[in-house]
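Just below is one structure, and these are the notes that go with it.
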Amino acid sequence: MALDKFQIAQRIARELQDGFYVNLGIGIPTLVANYIPEGMEVVLQSENGLLGMGPFPEEGKEDADLINAGKQTITTLPGSAFFDSAMSFGMIRSGKINLTVLGAMEVSQDGDIANWKIPGKMVKGMGGAMDLVASAKNIIVAMMHTNPKGESKLLPECSLPLTGKRCVKKIVTELAVLEIKDGAFHLLERAPGVSVEEIKEKTAGKLTVEGQIPEMIF
Amino acid sequence: MKKIFDNAEQALADIPDGSTIMLGGFGLCGIPENGIAALVKKGTKELTCISNNAGVDDFGIGLLLKQHQVKKMISSYVGENAEFERQLLSGELEVELIPQGTLATRCMAAGYGMPAIFTPAGVGTEVAEGKEVRNFNGKDYLLEYAFDADFALVKAWKGDTQGNLIFKDTARNFNPLMAMAAKITIAEVEELVPVGELDPNQVHTAGVYVQRIFEGKNYEKRIEQLTVRKK
Amino acid sequence: MKKIFDNAEQALADIPDGSTIMLGGFGLCGIPENGIAALVKKGTKELTCISNNAGVDDFGIGLLLKQHQVKKMISSYVGENAEFERQLLSGELEVELIPQGTLATRCMAAGYGMPAIFTPAGVGTEVAEGKEVRNFNGKDYLLEYAFDADFALVKAWKGDTQGNLIFKDTARNFNPLMAMAAKITIAEVEELVPVGELDPNQVHTAGVYVQRIFEGKNYEKRIEQLTVRKK
Amino acid sequence: MALDKFQIAQRIARELQDGFYVNLGIGIPTLVANYIPEGMEVVLQSENGLLGMGPFPEEGKEDADLINAGKQTITTLPGSAFFDSAMSFGMIRSGKINLTVLGAMEVSQDGDIANWKIPGKMVKGMGGAMDLVASAKNIIVAMMHTNPKGESKLLPECSLPLTGKRCVKKIVTELAVLEIKDGAFHLLERAPGVSVEEIKEKTAGKLTVEGQIPEMIF
């Protein structure tokens, strides 16, 4: 059975390590924060200028001066620090953020990512996505394996305008966990009950399947 | 040294049509509400605005757009604004979209007297078109130029009469960067305190960067995405 | 996330001979006294030290020089040290002198992930020899590269257990820049406080930049030039 | 009569304007702070990270954490602000400091300055001087007209290694105030009782003397 968005987030959370500084994009990536293992210290960065992002505020305690990169009201945690946008992207560019998780419209077998622009549609802008993908040492994409039309989002080459080239290291979809290396998607894990055949069928780019592919356990 | 102005109207009185203006804020957080209101009232036209976002239909830079005061927006993300979209599609409004970190660093570069910086953001994308690419240590970077802005409208939490500023929480964002970057920086503060009241170790923006300062009025501080949890 | 160490010896235990180390401070102000003492005790050799100054004969980096632990100094000003002069003239010590602003900005560049920066400092002087010169808007600039340091020893006033730092007065100087710049940053603080005690708006260096932190002991804080006026 | 160092400082102080941010080098330049006209607000920058430098502390009130670029103990003033060294030189490079006053060993008629290195002697380093001279919009040099051997320090070309090229705008010596433009020293003022002849004699570089040269009044 394909994963739901919470399970995708849960699976990505298993990539976290104690002491990681992590930037979570809007959508499914944000949910990863809910699955940080007990006792593990992970510090969330919000690229508008905060390290140590806490949960949403209690009703009535929201503060317009305290928002995340998705413009949502949030809170701080003990140990938080604020800084300006240049320092925020400075720490991203210098590789101080251990893991970046973000969504995508397309990913290529070379690790190219497209997630900001659809020709012919109103373009809202790339925000911080281009900076993040160009700089992060470790990028995981959280996305559906196919688009609403059923077409694969794991492609030989992206058809949409790129956000960044050769940057995605890992993808977690509702069907599988895949690593990108040597110009191919390497299948690492299957969603419970999802067959390798189905994943093959829904992956348009080059897919490498080596040995037995374990099922994820939740 | 006369930096203190009574209000936004006076502090912005000489901004001419056609100016390039930086506006601090991220979304609606930390935006110069009084400065924008004064620009709307004054009707200054043909503005080039450098700002991470473009406000919403009835708030922030959206108010300037509604009056057709903006010729060009230089931003990283401009969603959530129907009038913006209409003007863009009709060709009334020019838009230059640049990565958020590049936007921030081009401000910083101006403030630090660096004519250009190198960033990997946008390499291999359409953002790189026409730009110089240079490889350092096996990685490609784009050469991006420092901004050249006439005015910066920034918003701080507290300021003193010498122009020293302290920002609050994520309302800091682009404000200290733009304060450093423009030829003339106009700061509005929630609280204007006498010189000597701010701890010199806590000042985020030194007064040398601020040419004009005034205490803003009636901050609405609108929340764009109210997200809460139950008690 | 185990950043806290009991003392300098433990925090510096793995610094190997031949390392490139940044040391914060301006003159003797804001120098990592405990870190330097631990390096002396440990006897780490063949060091390349990046520091604005080189201490005096019996304090600061001078203590490392006396033990012949330094192979190369990268500094902007190295006066006031007879042993330094002796080693330099005898060829035991290599010295690279670079403008102070260039030193600071090359640290910042490393911390900001910028491989190189442009600065006008040194154009037309021997500092420019062998360097790329580029003209922007009619003015010449040198291309200067970001530093690549293995360790930074920085000294802060207060720090918390997540590595957030606050500096005091002009003891700030190069410390926050070097903290951002090195692969492993070791911060010593006068007071190590529990997480949550520092105001997030007043943190100068966010914990993300600090890999190790300890509370320093017995700060001498020697004054290089005591200048006073009568009461 | 030639000016003493206090009068040189006093003369330079007349170049100050209300609201100026000023960087004063070590030596005579430091003395300029004593002659800021009553009622005029001038903010002193110390390039190690302070705007709003105050006088030396009272005896016993010195603080090792609070020094100027000459490593002397100092104080702050109401409105002071501390910052790191990158920001300090950032504000210098971006032209926010209205006036820089520093000493020199030689100045050329093109405005080149040499003040950091004597070949054959122990070189201590340039400190912040190269940054300051390369960036400041307005640089005044305070120095003696001749060196201890009696040789002119105002030269056609500097003989010592340069600190910066074409940057000095004005020179105040014990004998004269001179402006540098169009490849020449333009004599603006004479010290009381000092003749144009003496200044001519002690100026090795091209000297322009137009009309009557007023005497400085103290």
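Letters A, B, C and D mark the chains in the order given here, with residues in each chain numbered from 1 onward.
What we mean here is this: contacts are C-beta pairs under 8 Å (C-beta built on N, C-alpha and C of every residue); 3 or more make two chains touch, one makes a residue touch a chain.
Please read all numbers here as calculations on a predicted model, not as lab measurements.
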Original post:
Among the remaining chains, which ones contact both chain A and chain C?
Top reply: B
Original post:
How many Å are there between the centre of chain B and the centre of chain C, using C-alpha atoms for each centre?
Top reply: 33
Original post:
If you average the CA atoms of chain A and of chain B, how far apart do the two points sit, in angstrom?
Top reply: 29
Original post:
When the C-alpha atoms of chain B and chain D are each averaged to a single point, how far apart are the two points in Å?
Top reply: 36
Original post:
In chain A, which residues are in touch with two or more of the other chains?
Top reply: 50, 76, 82-83, 86, 89-90, 92-93, 135
**OP:** Would you mind listing the residues of chain C that make contact with two or more other chains?
**Re:** 105, 112-114, 119-120, 167-169, 172, 200-201
**OP:** Considering only which chains touch which, label the overall pattern as line, ring, star, complete or other.
**Re:** other
**OP:** Provide the full list of chain pairs in touch.
**Re:** A-B, A-C, B-C, B-D, C-D
Subject >> Touching residues (chain side chain C, partner chain B) in the complex >> reply: 105, 112-120, 136-137, 139, 141, 145, 166-169, 172, 200-202
Subject >> chain B-facing residues of chain D, complex >> reply: 18-19, 21, 41, 43, 45, 50-52, 76, 78-83, 86-87, 89-97, 135
Original post:
Which residues, counting only chain D, touch chain C once they are in their complex?
Top reply: 46-50, 55-74, 76, 82-86, 88-90, 92-93, 112, 122-131, 134-135, 161-166
Subject >> Partner chain A, residues of chain B touching it in the complex >> reply: 26-30, 52, 75-79, 85, 88-89, 97, 99-105, 107-108, 119-127, 157, 167-177, 204, 221-231
**OP:** Under the touch definition given earlier, write down the residues of chain B that touch chain D in their complex.
**Re:** 1-2, 110-114, 160-162, 164, 180, 195-196, 198, 200-201, 203, 206-209
